[in-house]
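Supplied in structure tokens, the structure appears directly below.
Which chain is which? They are A, B and C, in the order written, and residues in each are numbered from 1.
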Amino acid sequence: MNSSAEAATAIGAPRLGRRIALLQNRVLGVAAFLVLLVVFFSLLDPRFASLANADTIALNGSVLVIVACGEAIVVLTRNYDLSVGSIVALASYVGLDVVRLHPGIGPSLALVPVLIGGACGMVNGALVAYANVPSVIATLGTMSIFRGLAYLYAGGNQINVKDLPPWVVDIASSHLFGLSGLVVTAFLVVVLIGLGLRYLRTGRQIYAIGSNPAAVPFYGLRGPGIIFRAYVLTGLLTGLAAFLFGVRAGYIVPYLAQGLELTALAAVVVGGVSVLGGSGNVVGAAIGALALATINNGLILLGASDFTRQFIEGAAIVVAVIVDAIIQARLRELLRTLRRRRAS
Amino acid sequence: MTDKQQYLRDYAVREWVAGRTSRRTLLRQLLGAGISLPAIAAILAESGIAIGAADAARPLRIFNVPKFTGFVYFELAKAGGAKACKELGAQQIYVGTTTADVEGQVQVLQNILPQHPDGIVLASLDLNAPVPVLRRALSEGTVVVTFDADVAPAGRTLFVNMAPFKVQAKAMLESALANAPEGGKSIWIAPTPTVANFISQKKALDELIASEPRYRSIRFIDTLYANDDPEKSYSVGSSAMQAHPDLKLFITGSGISNPAINKAIQDTGRAGKVFSTGFALPSTMKTFLEDGTCKQFALWSPFQYGYMATYCAILLKSGKMKTAPGTRISIPSIGERTIGEGAVTNLSEMVFFTKGHEDFDTAIPMRS
Amino acid sequence: MTRLLYRFGWEVLLVVLILVAGTVASLLSPYYLSVGQIGYSLQQSVAVVGTVAAGLVPVILVGEIDISQAAILALGNILFAQCSSMGLPLAVAIPGTLLLCAGLGALNGILVTAFALPSLAVTLGTMEAYRAFALLIGGHGEYASFGAAYLWLGSAMIGKVLPASLVLVVVIFAALTFTMHRTLFGRLVYATGSGVKATAMSGVRVNRVKIITFAIAGVMAGLGSLVYIGQYESARADNASDILLLVVTVVVLGGIDIFGGRGNVPGVLLALVLIGTARNGMGLANTPGPVQTLVIGTVLVVSVLLPQLLRLGRAFARQRRFVQPLQPIISESGRTR
């Protein structure tokens, strides 16, 4: 991804190369934003800057991080997934109900919510990739369909965590090197997905189709297949988040995670993943999710009203998108300059 | 229409209205009588209106509309209502939206209206939004009984409160003291700032703390909103514990927030130092009672609640009860209750749940 | 005749579906078939959604999307209620509210065009921001009492049978049809939606066209808030949170291509009636909530899926392959995906 910067250095224009590399690194911006937030809140309230508080933020944000990673994968392909909240509800309820009904089988059943999420992802993928339904419409529709299915399955009941076999709670409250199991899981997910997107073939194809869908057939790639795989991957990740979601809250109901899709989209956008596709990475999305969790936590600490939080979230999204557009425009200019220099 | 056709039509409609035949049979009988399709359509339209004037042996139809479906609390209320209908020979129809959608609930009521309900038992999401529809229902002779959350008095015949707000506040404060006898800093958790119930509860709490020396140790330092969402309650609870290290109590009337905050207390290892109590459903709090994270909380039986509200609705519709202030009503398995000013009555069956008393059957009744 | 059918095929399909839905509804419940009932239920379920959907149509035709309309509606609600509580005359309150809502819509448009931003992301942000403002102005309380004149638009019945809000919806759609199909502005909207680059190169001020469509969306949301107050007699900052799915379903079901540049406006009115009839029928039959949600979601997906499948089927029938890597990149409408 830094090949343009290298090319610039190669022709003897290192400053141009540095500027390109800086702009192409989308993570820097959102990381700076997070640091700014932490400084801001710490100055306003010293209680913010404690290890325990950081732990709280990490705990609260870890599930959102996983969902944001999933959403980022879809956004990278220049599509949207508005059904993540409903997939969480369906996967966590049905999956954990299966666990409840078969307590003896053990931790391998943790795969059930993941697989259900994958199945939902396949439905989304089929609609968007193969049936050419625009992703906004398709996922808006599947959002209601999945949630309706969750309600019908639940039939007015709820699942209490105490009805689940002990290994479920153990996973949720486990600790590794002093960090909560949830945080470790989120960290692993970000690292694995980030590396996979960068070095695996499927990952690079996802970036390709997001940057320039028209060029994809010229490289011998099948566009619909890539998008389908992206949605399935998102579904699997959402299924994993669903498992952790349900276990954390103490009891599982079909109306879990309403509005999660918009928060995930906000995290992705703030995290520097361009909604035009092809630019940004999951590390940015994860930091974006942490930033949102930080804002929430900080505002509660300060005793700020609901209005402030909503306004800040909304303003953050608009600002992030504007900044993204400016960066893209500037990058285009710099790359044009580079091309001219190379030609001469 | 010939005499014979008229006779067959009356017979078919009567049988169907009484519930002894299905719609399909009705259509078959009408078609078999040789009545033309336009006439059948007219009959179907008419019988909707004629139902009011039909046989007295027809069972009353009571529509039960919860805040949202899929929640155990309202499912229990539905079961209670069904029991009341069974005892009094009425028919219950349970219908509602899946989310706390104000417009959706009003839409549900609008769709109930043309079905000429005899009674509507409603747990409203908004104080005022359903009132135009309910006013229309009242003007057509429907009885509207609200429970769990009221509407403006112009829109209902009777409101069955779970208990006078003072009693509710007392129950919550007693549970708070049972968890943390020395009292301390407390936070009030409500779903949103606009739910009338919670506003009244908080007011009663403040008044009780100010007037009774027993509760003076409980000091409210903040109010937080968790939208009746388990996840939001969890993060709000954990953040609040960070913000106030010497926090002692979370008090809330929301049965959804309580278990989630208890879980947050457990997960952050503060069990025994911070407590979350108030109202909650026993099925969701069993683990926390067993391991001591929560020592006591209060509730009333939603089953009895639905039972009482529906019972009153049926009595009101059949004219056996009036809503004048001071009227005494007697409800089996609940007892005698009085109707107060503004057509409000109370269930007044607060119970406490503690370790060893974890079900509705074993709960400790509150003596006010 | 066949030419008419081809051009208005979708609308004819919608009319057929309305009749089918009406028949099913009247079979499911004896209460359905009465003029008063249908009028009342259509008024209640269709008026607000229809007004907002009418505003969304030009935005989608131009190739963008606006999800902040519900928030603009809530803000309009709060403002209108505030005017009522201050005792202002309608002649001040109505233009004031509509002007503000138009301004908010124009702000959306300016953000989208000035920076060439994707409209979904921008309106996602402005949706939250506008709701926050509604919370700020309206506070956490609820407005409950309004001057009788304020309630007229949403609740009045002309001649005891015809709801005023339904008349408003019909008038709005008539005006919209005229604007989109018969005026220069409408032609420009279709042109922009079909191919932005080509239209811009023809000398059309594309940015201005887009801003005006967003402003229209805002005004319609404002009108929707006037109807809302009349219907529900209450105004809160969190009103209309769940209206988005219905509005988008109605617009898409009405035959408007989500990519822009195609679709007839009367189709949206028909789709509105269809959805209203379906919900009315389901409600009268006391269908449980989850089933209704499922049905609406399925209708949305099917209404977009069907034309796509037909297109694929036709291509297959003509013995062409599904994926043609060497097909021209630019499709007829100038879009690459």
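The rule we apply is simple: a contact is a pair of C-beta atoms (placed from the backbone, for glycine too) under 8 Å apart; a residue touches a chain by one contact, two chains touch by 3 or more.
For clarity, every value in this text was computed on a predicted model and none was experimentally measured.
On a Cα centroid basis, the chain most remote from chain C in this structure is B. Across all inter-chain contacts, the pair with the most C-beta pairs is A-C.
Chain A and chain C have CA centres that are 30 Å apart. One simple way to say how far apart two chains are is to compare their mean CA positions; for chain B and chain C this gives 34 Å.
One inter-chain figure worth recording: chain A and chain B are separated by 38 Å, centre to centre, where each centre is the mean of the chain's CA atoms.
The set of chain C residues touching two or more other chains comprises 289-290, 293.
Multi-chain contact residues of chain B, defined as those touching 2 or more other chains: 68-70, 98-99, 193. In chain A, the residues that touch at least two other chains are 147-148, 151, 306. Chain contact summary for the complex, chain C toward chain A: residues 65, 111, 115-118, 120-122, 124-133, 135-136, 244-245, 248, 252, 258-259, 289-291, 293-294, 296-298, 300-301, 304-305, 308-309, 312, 323, 325-327, 329, 336-337.
Residues 23, 27, 41, 44-45, 47-49, 68-70, 93, 95-99, 101-104, 106-108, 110-116, 126-129, 131-133, 152, 192-194 of chain B are the ones touching chain C in the complex. Interface of chain A with chain B (complex): residues 47, 50, 52-53, 56, 59-60, 147-148, 151, 154, 156-158, 160-162, 172-173, 245, 248-251, 253-258, 293, 296-297, 300-301, 303, 306. Within the complex formed with chain C, the residues of chain A that make contact are 78, 80, 127, 131-134, 136-138, 140-145, 147-149, 151-152, 213-214, 217-218, 220, 222-224, 262, 265-266, 269, 275-276, 305-308, 310-311, 313-318, 321-322, 325-326, 329.
The residues of chain C lying in touch with chain B in their complex are 26-27, 29-34, 37, 40-41, 44-45, 48, 140-142, 144, 155, 231-234, 236, 238-243, 279-280, 283-284, 286, 288-290, 293.
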